[in-house]
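Below are two complexes that have chain A in common, paired first with chain B and then with chain C.
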Partner chain A sequence: MDANTMIDSLSTQFPDAVFDTKVESKIRIFAKVKPENIKDVCMYLKGNLSFGHLCCEFGIDFPDRNEIEVVYVIGSYDHSVVLTLKALLPRDNPEIESVVSVYWNASWYERETYELFGVKYLNHPDLRPLVLPEDMLGEWPLRKDYKGFPNKTAKNLV
Partner chain B sequence: MAVEQTDYEEIPGVILTDRNAISDFVKKTKAQDILNWGRKNSLWFTVNAMGCCGVELLSTGMAHYDTDRFGIIPRNSPRHADVLIISGYVTKKYLPALTRIWEQMPSPKWVIAFGDCAISGGPFYESYSTHQNVDQIFPVDVFVPGCPPRCEALIQAFFELQKKIEAKQDRGTEY
Partner chain C sequence: MMDEKVGPSEMIVHLGPQHPMMPGPFRLNAKLRGETVVDSEVEMGWLHKGIEKILENKTYLQGITIVDRICYLAAMTNEEAYVGCVEKLAGIEVPPRAQYIRVIMEELSRIQSHMLGTGEYASFVGFVSMFMYTIRDREDVLSLLDSVSGTRITHSFLRFGGVKDDLPEGFKEDVKRVFANLRKAIDSYEELFSSDDIYRSRTVGIGVLTPEVAKDIGVSGPPLRATGVAFDIRRDEPYLVYPDLDFKVCTRKEGDVYARVQVRLDEIRESMYIIEQCLDQMPQGPLFPEGTAYGRRSPIMRVPAGEVFNRVEDPRGEMGFYMVSDGSDKPYRVKIRGPVYPTLQALPPLIKGVRVADIVAIAGSMDTCTSEVDR
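Here is the complex of A and B:
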């Protein structure tokens, strides 16, 4: 199965949920997905298209478009195609279904995206900050309008 | 942040004191010189590798540099140690743990800020998640610049600390 048939299969299965598909090369394909369908799409990808390996999951902040993108990069153990899946969330209330039940390693990615961008993952088994202290929750340091950076209080600069 | 001292329990036949009269008296006499001579020659340090400088810290304690001949011995428990080496950036999440290590160490104790990160934050000097100006939290006696400093620099820092203790200029004790 090559990249084009995979994209066609995905679009046919989810005609409403998957849009803006793009085949960049034989090994890189892109798609955008509606946030409410992300879990179904991931289950289909894992079950039918053998995308068994979630390489990473992260957020991107777009203040001018008032959106936060959650990006899933999914690879496979059986073929060489890598799929980049994007879900667009509103910036004032970013909520998306967790994919931990499909890809178990998404747990820490989602915890980190939660603490840094404030994306709320629904039905996540253990949604708490990963590396930031608890009292920094709510500051969302990687958003573009974060005020705490750069922190200019350092003295003794070497 | 010392533990608040409460009144001692009454123990039959034992007289306890909560005052430092004896040690305060000794500090004014020549006996303190002998005490300081003993202290400066047994500077045991905590193995508390906090960043990349921690690798240098670990190698300093290894056989190659043989710091045992100066009385500088790595200890795995802060309760055995005299010197806390802050060997990296102090994140906001790590500061409570570091403070706890510091409180577990028995007095007299000293601090060495090892590496650029401990002194000023190093590459993370503007970061949102690191604590700036660690020297305002801990009484740092010796600063060792470098990224990372070499093991010889750490041994040099111990010598400077020994000189300070001998001259009663260290911040570990109030003379």
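Here is the complex of A and C:
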């Protein structure tokens, strides 16, 4: 199965939920997904298109568009096509369904995206901060309007 | 999340973050019943450097020195993943000679990482003299890296479109001399491992991963290949000149701790074979694309807007960079996908039901690099 068939199969299965699909090259495909359908799409990808390997999941902040993008990069152990899946969330209240029940290793990626971007994952088994100390929760340091960097570094304190 | 309640004859032991037998600073809270681990959880973040945020505030060229520091054992492959992202976005073609030099450097880097990994691992299970042997022989490989890049560990050697320097004179002879010794050394490690009853009883059949479980938890690299799954980015998604080279993907069937170490030793041999092929096949030619401004001193560059995901085969598995550019001289967002991140996450289910002494045996066999997990 090549990249074109995969993306066709995905858009036939979810005509409303998946949009802006693109075949970038033989091994890279791209799609945007509605946040409420993310779990169904992931289940379909894992079950039918053998996208069984979640490479990573993370956020990108776009203050100009007032949006946070949650990006899922999903690969496979059986073929070499990598799918980039994007869900667009509003910046003031980003909430999305967790995919831990589909991809087990999404757990830490979601915890990290939560503490760095403030994206709330619904039905996540254990949504606690991962790399940051707990008192930094709520500062969302990887958002573009975070003022702590580099102003809080030692050089600027003197 | 671990249940904090302890039953009768149970207790919670905090291992780390500063534990002499831990492969890097992370904390493992293990609930024990007698000698058996009932439940556990991993706490990390002691080495969190915020590299993803730092990269957003540095120019593309400055970023090269930062990505070296993600994991000092895999500096060369980290650079390759980062530089490859920029090259894909800006459409830079790397000339063949520079590609061969990159492959040589990356494979040397893989050898030294696997040697430290093997030695460190042996010391975790109480075989400390093995650590001394591997460290001694690894130094020769580091000298080779040093002779090309000028640094032993954090090289900052790659540039956009090429490499900083050509190979020095007499490099081929040096490689020949070092590899002759190294081949003997690897054979002797293998013999020591297979003939040592105590080592075998600590490793054979311990920490077994099945292919299904390994795929489910997102493991890549030697721990995955030790379960029999031949997944290698160098072959599945070739970059540089790997398609022109002859190498096999080393796998084992058993999936236990012993098999993981064996896969690493096999890969060292395979890497040596790759380097020898490169040295024979290498064409003469420029180190940077001709007729462009790219050179040892990279120009101040603005990378065209776009997004790219580039992955390479790290000594530990799949290393991927996702880079978003907005057309300025700094990346808009860089996500670093390290290979050990999913592996460390999978530690609690892996050590459930094992004895305390085996925790370190299992954690160490994954060749965990906490610096890369925390970034």
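Operating definition for what follows: the second predicted complex is superposed on the first by the 152 of 158 C-alpha atoms of A that agree within 3 Å, B and C clash if a C-alpha of one lies under 4 Å from a C-alpha of the other, contacts with A are read in each partner's own complex, and residues count from 1 in each chain.
In the analysis below, a contact is a pair of C-beta atoms (placed from the backbone, for glycine too) under 8 Å apart; a residue touches a chain by one contact, two chains touch by 3 or more.
Not measured: the values here are computed from a predicted model.
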Legend entry - Touching partner for A:W108 - first (chain B), second (chain C), both, neither: second
Inset, instruction - Kindly classify A:N93 by the partners it touches after superposition: chain B alone (first), chain C alone (second), both, or neither? - result: neither
Inset, instruction - Would you check which partner chain A:L54 touches, where first means chain B only, second means chain C only, and both and neither mean what they say? - result: second
Legend entry - Per-residue contact with chain A, leading partner among chain C and chain B: C
Legend entry - Contacts of A:P141 with chain B and chain C, given as first, second, both or neither: both
Inset, instruction - Could you look at A:V131 and tell me whether it touches chain B, chain C, both or neither (first, second, both, neither)? - result: both
Legend entry - Common interface positions of chain A, toward chain B and toward chain C: 131-133, 141, 149-150
Inset, instruction - Sort out for me which residues of chain A touch chain B in the complex. - result: 131-133, 136, 139, 141, 146, 148-158
Legend entry - Contact set on chain C toward chain A in their complex: 1, 44-45, 48, 50, 52-53, 57, 215-218, 220, 229, 231, 236-237, 307, 309, 311, 318, 320, 322, 324, 332-333, 335, 337, 341-342, 345-346, 374-375
Legend entry - chain A to chain C touching residues, read off their complex: 27-28, 52-56, 58, 60-61, 71, 73, 77, 80, 82, 84, 103-105, 107-108, 125-126, 128, 130-133, 141-142, 149-150
Legend entry - Residue ranges of chain B touching chain A (in the complex, touch as defined): 92-93, 116, 119-122, 125-129, 132-133, 135, 143, 145
